[in-house]
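Structures for review follow.
In the two complexes that follow, subunit A is the common piece, with subunit B as its partner first and subunit C second.
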Partner chain A sequence: MTNDPVARSNITADDLYRRSTQFRVWSYTKDKLVETRENTNENGRALAIKKFNISFETFKKDNSEIFESHKEELDPHTLIDLITLDEEIKYLNFYAKNILEAAKYFKMSTQVKSTALSFFKKFYLLNSVMQYHPKNILYTCLFLAAKSENYFISIETFCKGLQKTEPKDILDLEFTVLQSLKFTLLVHHPFRPLYGFFLDFQQVLSDIKIDEIGELYDQAKNWLNNYALLSDVSFLFTPPQIALAAMYDTNPNITNSYLSKKFKKLDTIKEGEVNGQTDYDLIFRTIENCIETAKQLIESTREESTKIDRKCFFAINPDKLINKKLKKIKQGLQPQ
Partner chain B sequence: MTQRKYTKEKKVGEGTYAVVYLGKTEKSRQIAIKEIKTGLFKDGLDMSAIREVKYLQELRHENVIELIDVFSNDGNLNLVLEFLPADLEVLIKDQSIIFKPGDIKSWLLMTLRGIHHCHRNFIIHRDLKPNNLLISPDGYLKIADFGLARSLGNANEDLSSNVVTRWYRSPELLFGAKHYDTAVDIWSIGIIFAELMLRTPYLPGQDDINQLDVTFRALGTPTEANWPNVTALPLYNAINVYAPPSRQELRNRFSAATEKALDLLIAMTVLDPSKRCNSTQALMDDFFTESPPPTRPENLPSKNTNKKQKTE
Partner chain C sequence: MVVIEDDRSKDMCPICRTDRYLSPNMTFLINPECYHKICESCVDRIFSLGPAPCPYPNCGKILRKNRFKKQVFDDITIEREVDIRKRVTGIYNKTEDDFNDLKQYNEYLENIENIVFNLSNNIDSEETEKNLVEYENEHKLEILEKNMRESEKNADLVKYQEDMAKLKQEKLKLQQKMEQEDIEFQKQQKQDLLDKLSHSSGNSEDIIAQANKKMLKRSSARKRQLQQLNGQLEKQFGSGGTGVVEESGNMTPFTPFKGDRDLEKRYTLLSISDNFDMDKSDGKHTYYDPFVNNLAKNKEYLAGGWRLENVFERALDEAFMGLECFIDKEKLTV
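The block that comes next holds the complex of A and B.
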């Protein structure tokens, strides 16, 4: 540290990012992210079991004979079928895509769409689908994101565009979502740094045709839409790192020559060759890591999602699960 | 985070979307709690409340109001803010208080430092006026009310030009520009600087149309010559073409201002936003290093009677 006031007052973009809520509240290590999800799933299961037990006891009291005679079929352990962590992740990825469709329907900007997805992913990092069904949460995230990103849409217009959704379904959840977001709403997306790199590439790589860089930019934008938004990268990497990963995976040659030029240039100015090389290696490892994470998205088929959807419904509404089973038994008891 | 940590002692104001209470933290720190009414609006959480929470969560700076905590009770949103008993408007209006040149310099400096922090975080305040510049018990000026703030727009995004309280609204906004940036805040601060020297609003237009006339009568009508492409702005009109004021005219208008003070005022109120100075340039201006030095916050004039927290 130096006492020179000028040197001390130099605050870098990196310093500023470290003060953002995105870094302070919503950045994780890989292990911590896994652990958080495990806890959330565990809490969701515990909650669903508690709810189930209450329903079970109520039904048992009212139908003691059947519960006695059909012990095996009405055994809590065979009845209850909760969602595993793996299923929960698949299920959320399936639902997250509905945000993209809804955003497209309302002609919302990339900014609104990306923020809504970010809200949705943050919400379910801390809440399980066995507590809040994703359908209304996803629309609430989209509605709140639209407001937060200055794309105001009235609740009537919004609900009119959706299926079987009433204003109350969304407004009742708005505060719950805001609370789960820990009252932090500003999201830094990788699109702006990508645009910054697009401009800087033109400056640094003057020997490469602008059309080629333009094409790289367009493809990298698609890459962000296809991989970055739905995956976990925003919890693990900074927006410029994600933007560089998008560019590197799209065109490693151009991106590589940009990075080597950039870091070698820094070397000569700063006389810090060792540091330049270290930084260069570090950014490469980070980029590769980011690409890998982005492409790790676990997807599920529609059938699989339908199956998990049923489980989710019964986890939230154990009454319906037990009632259904009881009805089946009672029907079997009736003389043909 | 729960209510228990804070006490609400006295209701001090009620606005359209919030009630403000004075209170204390567990450690007896004085605070203001802004309770935002939810479930009151047809479309859910109010946009101003969303913006205020969104931006204050990101900003920590000596010259920006501190958001200490956010909590909910009975489904209401509560913002715990630092206690700021006065604002610059009250001081300007109080004719019993004399402003020394160092005082004005100090307030301007603190305003610019606060806005510099917003701008380097890509946040535009969009409602700077003396009434939103609050004063702490130890004399520090803090930018408050982020209900109209927004992040810097993307290149292809349309912004609303219906922002900033009329008297502090920049020419590009008056002309209905859909693309603008942090320069709108610099304009407002320039007008506040003038008001600090004049002790009366500098450009008090009676309505939006009149505001154009008042602004350009004082600073000259923009033309293609001094502001390329200005005529393409949606509400551009030049019914009355006024000449820009001469240096001598400005000297007469601000009789107590030094030449360097005038230079900075001129730089902050350049009609063409792309030529207006930015917060870094303003902070580096010679005005701040010429004598007298800015008054230390604790020595600034304050209003000692009738302390009260603003509502919004």
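The block that comes next holds the complex of A and C.
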């Protein structure tokens, strides 16, 4: 109730949305979202450095001569190579695409797929890849989403479809993921609102042929799959706004005539002539913003990702990093 | 001496002269017809073969075995009054709710008291009895229905079902009676027609047509009457059934806002036609979506409670749920 920004005499459907966890917990302003990501990256780095220092000290104790003789090569500051915020975002984007593939492999519905992606994004909004490696988190999210969206699949069948994954890997992480999600499992996706608008278009724009609206609907659905799922829009906008954005971007003409018919008319009745266009303008601007955000997709190539993957691996296991370096030095020492 | 005599007569059956001293297990029964005391073995002996007159000298009332019962009250007059009261209140079974004000109810109770008093003290008993029977016949259905509702209220399911069956039976009887009357009437008409044909000199076809017309008229009137009666009874049932629900059921649904909810939808839901003609794809009258519309023809879906309008309504509700929550604005103020 404290979230209610405007004192209204009547409860609207919007107030209902304001009650949802998606709005209360998982909605951010643009700046806040960036800030949260930065914080998470910072925390991840701090954690990785701490881990690195511990293993560095133990190795130093055991191999003090080599550490003395190769001070420059074994300098902790040059040795440690952590993932930056940009890299992390790219890396996560790469893995998010894997969710789509895995969901396709298991023949999961769009609903399950979108929920899994949403879980994954929410998890890494609060946790860094330097803390949890995304590979297993990804499968855990998918498994959880399948459960929460009533697409039941046993853990054995699930693991059989995946390479080198044991039931334990997934089940152990399940609670961790749930905790990070703050146990909010209900996700509102833009797909049903899109369908709702598809229906409402038919009512409001009775002069437009049904085939045209149907085509618009199909294209908008593809738009959601291509842009909305992977981008940050679900943190920044509400599902109906995203749905309208998808429609506007696929066919501005029809969508605009719908918007002006629907909201300009409503406002003159509701608030009079003075601020007759506020609602329409606001919605319009929000939609444009949404399209812009959705289209800012981060492209990540395979090579880039493998590079970051190595970094990530060493950040989580600093022992291996130092060990590898030591071996290299030792090998260099031998022929001399 | 007198006391002893009295005691002995109390414990002795006046018919067979057995007394408690010799057969300590004997019990006395009375019949609400005359309230004469007879021992159980005598009742078995005399009334086993059907109704028989009371063996008491100068009584002679015809008694039936199944009406015999154990005496509850020591005083026969009280026993009798209680029985009468039971019977009268069984007929006059209205409750305070059935009256508009207390005064009317009190008058009704007074009337009951009068009848009970008259019957138990034999004042104008014949007249009163006649009135009572008349009232019972006139209000038979009403009484049964009232009984049923009472037992329903008391959550006595078995009794409720019994009463329900009784009421149904009564309805059936009424219907049968009417049908019987109809048949007799038709016979009568036929006879009349034959008489007319044989005696009158007019055109025979005209007479037959006239008679047929008359018959048709009557039978349709009868039908209407029957329907009306049935409808009335149904209505009484219905009001009895739903009345309880309406009292307890709060029409406001539960919402997170203490029942406050969006009553003005932001869309108008198009009506959904029942026949989904695939050729009719103009989409003007209903929403056009071949896939979902096809599902609505599937009986398996419908049997599970799936409804097309719910699909549309949910989608449209969600389309406007949060449309005007502008996160970048609202979250900034928090």
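We take it that the second predicted complex is superposed on the first by the 315 of 336 C-alpha atoms of A that agree within 3 Å, B and C clash if a C-alpha of one lies under 4 Å from a C-alpha of the other, contacts with A are read in each partner's own complex, and residues count from 1 in each chain.
Rule of thumb we're sticking to: a contact is a pair of C-beta atoms (placed from the backbone, for glycine too) under 8 Å apart; a residue touches a chain by one contact, two chains touch by 3 or more.
All values reported here derive from a predicted model rather than from experimental measurement.
Engineer: Quick one: subunit B and subunit C on subunit A, clash or fit?
Structural biologist: Clash - subunit B and subunit C, as placed by superposing on subunit A, overlap.
Engineer: What is the contact status of A:27 with respect to subunit B (first) and subunit C (second): first, second, both, or neither?
Structural biologist: A:27 sits against subunit C, while subunit B stays out of touch.
Engineer: Would you sort A:101 into first (subunit B), second (subunit C), both or neither based on which partner it touches?
Structural biologist: Once the two structures are laid over each other on A, A:101 reaches no partner at all.
Engineer: Let me test your reading of the model: by the given contact rule, A:303 touches which partner, first (subunit B), second (subunit C), both or neither?
Structural biologist: After superposing on A, A:303 lies clear of both subunit B and subunit C.
Engineer: Does the superposition put A:207 against subunit B (first), subunit C (second), both, or neither?
Structural biologist: neither
Engineer: Counting residues of subunit A touched by each partner, does subunit B or subunit C come out ahead?
Structural biologist: Between subunit B and subunit C, C touches the greater number of residues in subunit A.
Engineer: Looking at the overlay, does A:286 come into contact with subunit B only (first), subunit C only (second), both, or neither?
Structural biologist: A:286 sits against subunit C, while subunit B stays out of touch.
Engineer: Please indicate which partner A:16 is in contact with in the superposed arrangement: first for subunit B, second for subunit C, both, or neither.
Structural biologist: The answer is both, since A:16 touches subunit B and subunit C.
Engineer: For A:170, using the defined touch cut-off, is the partner it touches subunit B, subunit C, both, or neither? Pick first, second, both or neither.
Structural biologist: first
Engineer: After the superposition on A, what does A:65 contact: first (subunit B), second (subunit C), both or neither?
Structural biologist: Neither partner.
Engineer: Once the structures are superposed on A, label A:192 by its partner contacts, choosing first (subunit B), second (subunit C), both or neither.
Structural biologist: both
Engineer: Pick from 77-85, 203-211 or 257-265: which stretch of subunit B gets in the way of subunit C?
Structural biologist: 257-265
Engineer: Touching subunit B and also subunit C: which subunit A residues?
Structural biologist: In subunit A, residues 11, 16, 19-20, 192, 195 are touched by subunit B and also by subunit C.
Engineer: Spell out the residues on subunit C that touch subunit A in their complex, using ranges where they run on.
Structural biologist: 255-257, 260-264, 266-268, 270, 281-284, 287-289, 312, 314-334
Engineer: Contact residues on subunit A for subunit B in the complex?
Structural biologist: 11, 16, 19-21, 109, 111, 143-144, 147-148, 150, 152, 154-155, 170-171, 174-175, 178-179, 183-186, 191-192, 195
Engineer: Which positions of subunit A touch subunit C when the two form their complex?
Structural biologist: By the definition above, subunit A touches subunit C via 3, 5, 10-20, 23, 27-30, 32, 188, 192-200, 202-203, 206, 210, 214, 236-241, 243-244, 266, 279, 282-283, 286, 289.
Engineer: Per the contact definition, I'd like the list of subunit B residues that touch subunit A in the complex.
Structural biologist: Listed in rising order, the residues are 38-39, 42-45, 47, 50, 53-55, 57-58, 60, 70, 72, 75, 77, 120-121, 150-151, 154-155, 157, 159-160.
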